[in-house]
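Let me give you the structure first, and then I'll get to my questions.
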Amino acid sequence: MTKKMKKKIMIIHGPNLNLLGTREPEIYGKMSLREINSRLRTLAGKRNVSLKIAQTNSEGSIIDLLHKAASWADGVILNPGAYTHYSWAIYDAINACGLRVIEVHLTNIHAREEFRHRSVIAPACLGQIAGFGWRSYVLALEALLEHE
Amino acid sequence: MTKKMKKKIMIIHGPNLNLLGTREPEIYGKMSLREINSRLRTLAGKRNVSLKIAQTNSEGSIIDLLHKAASWADGVILNPGAYTHYSWAIYDAINACGLRVIEVHLTNIHAREEFRHRSVIAPACLGQIAGFGWRSYVLALEALLEHE
Amino acid sequence: MTKKMKKKIMIIHGPNLNLLGTREPEIYGKMSLREINSRLRTLAGKRNVSLKIAQTNSEGSIIDLLHKAASWADGVILNPGAYTHYSWAIYDAINACGLRVIEVHLTNIHAREEFRHRSVIAPACLGQIAGFGWRSYVLALEALLEHE
Amino acid sequence: MTKKMKKKIMIIHGPNLNLLGTREPEIYGKMSLREINSRLRTLAGKRNVSLKIAQTNSEGSIIDLLHKAASWADGVILNPGAYTHYSWAIYDAINACGLRVIEVHLTNIHAREEFRHRSVIAPACLGQIAGFGWRSYVLALEALLEHE
Amino acid sequence: MTKKMKKKIMIIHGPNLNLLGTREPEIYGKMSLREINSRLRTLAGKRNVSLKIAQTNSEGSIIDLLHKAASWADGVILNPGAYTHYSWAIYDAINACGLRVIEVHLTNIHAREEFRHRSVIAPACLGQIAGFGWRSYVLALEALLEHE
Amino acid sequence: MTKKMKKKIMIIHGPNLNLLGTREPEIYGKMSLREINSRLRTLAGKRNVSLKIAQTNSEGSIIDLLHKAASWADGVILNPGAYTHYSWAIYDAINACGLRVIEVHLTNIHAREEFRHRSVIAPACLGQIAGFGWRSYVLALEALLEHE
Amino acid sequence: MTKKMKKKIMIIHGPNLNLLGTREPEIYGKMSLREINSRLRTLAGKRNVSLKIAQTNSEGSIIDLLHKAASWADGVILNPGAYTHYSWAIYDAINACGLRVIEVHLTNIHAREEFRHRSVIAPACLGQIAGFGWRSYVLALEALLEHE
Amino acid sequence: MTKKMKKKIMIIHGPNLNLLGTREPEIYGKMSLREINSRLRTLAGKRNVSLKIAQTNSEGSIIDLLHKAASWADGVILNPGAYTHYSWAIYDAINACGLRVIEVHLTNIHAREEFRHRSVIAPACLGQIAGFGWRSYVLALEALLEHE
Amino acid sequence: MTKKMKKKIMIIHGPNLNLLGTREPEIYGKMSLREINSRLRTLAGKRNVSLKIAQTNSEGSIIDLLHKAASWADGVILNPGAYTHYSWAIYDAINACGLRVIEVHLTNIHAREEFRHRSVIAPACLGQIAGFGWRSYVLALEALLEHE
Amino acid sequence: MTKKMKKKIMIIHGPNLNLLGTREPEIYGKMSLREINSRLRTLAGKRNVSLKIAQTNSEGSIIDLLHKAASWADGVILNPGAYTHYSWAIYDAINACGLRVIEVHLTNIHAREEFRHRSVIAPACLGQIAGFGWRSYVLALEALLEHE
Amino acid sequence: MTKKMKKKIMIIHGPNLNLLGTREPEIYGKMSLREINSRLRTLAGKRNVSLKIAQTNSEGSIIDLLHKAASWADGVILNPGAYTHYSWAIYDAINACGLRVIEVHLTNIHAREEFRHRSVIAPACLGQIAGFGWRSYVLALEALLEHE
Amino acid sequence: MTKKMKKKIMIIHGPNLNLLGTREPEIYGKMSLREINSRLRTLAGKRNVSLKIAQTNSEGSIIDLLHKAASWADGVILNPGAYTHYSWAIYDAINACGLRVIEVHLTNIHAREEFRHRSVIAPACLGQIAGFGWRSYVLALEALLEHE
């Protein structure tokens, strides 16, 4: 990722993340997705990053978004929600689009139900950050910006 | 579920249920989805229930429907079709929307192929009713109405 | 099940159900088995059903009861308790006696411990109803009466 | 097994075998248990064998019968029915009573449902005979008589 | 498949196949989907076949396409991409629509990652052809035309 | 367990334990159940404990005994024999009766056949003591008396 | 199997059975294969049976022998040795040749190493007899002659 | 595969295929192996292909045939029969001989018994074609001729 | 264990037990290791036992301690902490040193996380005592003293 | 984590990390542990953090270090190396010491060998960061500082 | 193995080893089987050993060779090739012939594909040597000569 | 390994090997580690090899020893004892230090308990030698010296 130009980063929020703030707040926290996005846009402004953000509950749409990102973005921050655990199609999409993708999770998925311990998507990603609430996105943004 | 007002119930038919009547009738019966819905509407009328019915083949759309139901319905009757067996995203959606959801199946899924014996969605539901053809929906409706 | 004559239905309560009301009420509810049976008898009276009810903690006795039901009942409502998960002998008994059997559970067994997710008995049954407390029996009774 | 005296053999029929003849005759045949026992008694008479026969649907009663046989019988022919596949208690009973036990099955259990392929009881037995209908008992009787 | 009339065949390309040519060309080859479709249309013309072609990244849309094909096509050539390995909903759709479906793969899925070795869709298909690049489609077309 | 009054303890011996002394003495020792019970009664006398002892080969009877103990005993010492490894019904019974139960085994079950390594009953018990022959019961008695 | 004519039975001894008598006699007994065959021929003479016997260590040859038997024999007694546990090709051969085949074993395979507990061949056979030494063959011969 | 010279192709039929036509015709069809070979020879003539065909029931002989093909053939069409599912030795042979091998099956192995779903041989092959009866061979021949 | 001389017993506390009292007191209790040791020393004095006590967080050190105990102790009480579940090296050490070792646990490991249900060390021990808090050590001491 | 005072953070490098720079640099990068530590110390200075750093190849020593950290540190950054995948003792230690621990990995463990996909330690941690080389530590430091 | 007389050793090369030198030389090396045998014969001459060498691709022939070796050889060096991983029949043959057999492999099978990690033959062998190319045979020869 | 200079070889004996001679001599033989080392030193003298030998019961110390060997030794002979079966940390250490390591075992681990059949360390080693008692070390030494 060359440092000369404005970095372009796509953030994709997967299924059920639109309900953040009201969805099981004892697990996912009280901050709404709107507020998280607002904070990320502020940070992006400070770091001279061009940001696109999308949310979808559809596996196929996540694939579409990744394909579109391929021609625009320098990197992707992806929270695949529960698709993390069975969507080989998203795994294929990440490999197919050739982008740097960081998988993020609000919660520490490795400390929750057994089925959340395995990510079928992670093998196609640069790395994984899990467990820091909305700051997982911030850390991922930093990671993308610093990665050479 | 308070008993004073008209109850509002959402019915969501999952993948391939639009083909009922023509789809493997020896397994699923000869009654069309249109006819089932008609009977359910009749019953709802008798029981003073406000009913919304939707069918979709898309996992993402089922999640969207559950999210929308959250602000309207007192309960949901969900036949997730084959998504029953792998859609952790729908499981998350049910938990996220905080609704009472009853999982129904036309057939006795526990008596069919091995892969149909496990429901990943059931742990988020109030209960499961399987094996009574279109009457599974009727029983679920009764169950929702009587549940306190 | 012909509709002309009084229907004859056998209800079999399996192991530990005699303790209902005192047994882990936060899981199984506060209603005693006596009270549940009383309500079922009332309902049966209204629906013109002849009812026999039995409770036993013994796997062998459940088999004996099923055999005896074969010569009398039009259908059986069976709550096999924990035998649900390993009693292939009861599974065989249901197949052997040729009766319509509905498996019921007070709790949503699919939402509890892993071992409760699999029913070895369900493949021999007409259907399964789980999660509605004592109303699971009521729903099963309705299902038997309406089933053609 | 000494050959001087009249041999004493116990036959134990396990769960659901009392229904033979009416129970799924396409699988288990049309001969009743009464008739099978009659044929075995005739054969025993010819072979100078003292025979005791019992049937029970209860796992505990099978254990009791094995214990009692220990002080009387020279050998046991046991059809454990579905207990074959999970009753470690019967396995222990056979080891505990120190008798020669032959496990028999009317059907070829290895050609049926997956769960019937494993016998937890067989490791405590002299041998296993499966698949020859009522003649499985006859073969077992011959095997016991000829075994030294 | 009667031979009198022009055959009608539907080709469905699943997730990520729109990226062919640029997507991991060392695995999937350098030919674009447009070019493959062009070749298939040429071949269809020669063989007097009426051809419809669609591509989608969405599981639900594949089901929709199969349902629509049911009223038009004599057969379907389906490349389900990664959905091959977990979409029981597509499996159900194939069974539901009653069409002859051939599953094709550009690569030899049995020689790749472990998760690609199992197809949950194949049991509903006429057959499977894998490993011949774009020619897998040609072979499937031939197979559909010759199948009686 | 209050210390003011005479403690009341139930001891339940499960399947095949009636054969102790003659049953595989190289594994289970040469002491008969009668003798073990006699020693336990002597010890109970010294420790001011009221003791009830029962033995049964039947899973259902063990459940019955636990239910009855619920209204009398301050604690139960249970040797479930081979039921240890598959009787979820006994597991439920222990939870249902709300008693302090200690699981004991004459032999070190963890050093024997693979199937004996898992106890499905232990999760409902206060603790497990295995491997000390008849003294396992003595240790359990001490444990019950000292437990607050 | 019609009873009018002389029955024709093929006996196939699988791998390592040529070493009987010297091979681990504490497991397999001291009788040589020659002697077993001699006894079987004597018995066959008495029962008016035409007998062919073969031994081979080769999986392919067992298949060849089964194919040849198809045009001559009324039934086959097969001891597949260790091929029992993995030779799906022999399983196919039995199904392909349409013969009645009885699987026999000298030892009780269900009481030995774990890998010997599963027979992949049994599902294609009429039945299985295991654990009676050379008499397993005799019992199988009787079973074939009596089977209708 | 250069296109200048006459292509040389080896066809190897594995175990039990010699019985085609009589072997379970409802599964494998009514055409004999002789007839299939005849059709393949006719096609080979038209396509200017030099063809060698062999059938064997022996795993070792399949390996021998592959070794011999290595010095003559441009490609191999192999139907390994049931060896498909466990013969790592044939897998090794394909890798060792460095030939292009296409695995074919008359039936759709992925739609049959569980054990037929996995091919241990496929990872060494160019591709797999299954489910088209004798035409599977024809398709494989086309695939070999067109493959560059 | 001869009773003439003063018994010599080694107690080994494994990983994290040094934190007792402060470590998750709702699970492990509020008593410190120092206090437990003090009580054990008092009891040892009363029973005329010579006691050595050690604590270590290192797997290798537990092995060293067992080796040293071999030349001094008559028996060992070992709480292997989490090493219980994977340290085959400690298992080997117990077998190697030839000592009587009793495995103890403060908590009922069979009632906690799945991974704690299996002890790889128990097969080398005399017995296992689990679930009685610090009294587990007392019971083990009694067991060692009484064991002949 | 209150923000008033200087934060105290412990960094623990597990097995084989002392070889960084020379150890498989194509996987782990060319930067030495000394250099990484130097960069972390610089960053800590800027962020007003008091830092302690340790490296050990011993599982027991990691536990010791965690115990010591408990009385000093506000948080721990732990790279457990291969112990990640089997050290339940370290898992216990994290729970026992009650500290906020972040698990870090230089590489994306989810994209490497199968055994590296599961962390038995993660369930006791606040979160996990993997795949960003030495920057994984930087991100963890940021995460600890920002976490409330 | 007495040291007085000339030792007699059989070497059996299993499937595909005849292709050594040309077969995947990057895995198996460039030395032909002829050359390996020549070196082994030279070594045998020096060590006063009488040597027989055979190669076969057939599982049955390996069994035949082992049987023949039983009456001549003092020991066997066996490279079972891929049969290592599934041939229980060869395992039986080694036990049956009562010879000292050393299993050798050119490559380190434990470092290759998962299926090569398990040897079903090793439990019947004296030992296993793997990973040293043709020198594995030399080491095995030394091991046989020195073994008492 | 160049042959000009004196070879330098490190021998590492893992856990419990210090007890050789007294430790289960029926399994491990009667020779002490001291005596084995003495023989290896004698052999090393003859072969002009510089030898270092160490024994430790600690997993961490084995890693330390491997790290130190990296700067001195031309090869390592490692007997990891029971760590063989779970120490991924030692596996990493071997890969990290870049040395030629041969894994040796006194016993044939593949013929013992199930857990000993898998070596997690072997994939990082040059080869494995198991089953020849102390001579396993001698063979490994020869293998290291001859390996080019």
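We just call them A, B, C, D, E, F, G, H, I, J, K and L in the order they show up, numbering each chain from 1.
One rule holds for everything that comes next: contacts are C-beta pairs under 8 Å (C-beta built on N, C-alpha and C of every residue); 3 or more make two chains touch, one makes a residue touch a chain.
These numbers were taken from a predicted model, which means no experiment stands behind them.
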>> Give me the set of chains touching chain D intersected with the set touching chain G.
In response: none
> Pick the pair with more C-beta contacts: I-L or K-L?
Replying inline: K-L
>> Looking only at residue numbers at the chain I/chain J interface, is the share used by both copies over half or under half? Answer same or different.
In response: different
>> For chain E versus chain K, what separation do you get between their C-alpha means, in angstrom?
In response: 48
>> What's the distance between the Cα centroids of chain F and chain H, rounded to whole Å?
In response: 63
> On chain D, where are the residues touching two or more other chains?
Replying inline: 58-61, 86
> What are all the touching pairs of chains?
Replying inline: A-B, A-E, A-J, B-C, B-E, C-D, C-F, D-F, D-G, E-H, F-I, G-H, G-K, H-K, I-J, I-L, J-L, K-L
>> So in the complex, the part of chain J that touches chain L is made up of which residues?
In response: 14-16, 18-19, 23-24, 56-61, 81-83, 85-86, 115
> Can you list the residues on chain D that touch chain G in the complex?
Replying inline: 102, 108, 110-111, 117-119, 122-132, 135-136, 138-139, 142-143, 146-147
> Any idea which chain K residues touch chain G in the complex?
Replying inline: 58-61, 63-64, 67, 70, 86-89, 91-93, 95-97, 120
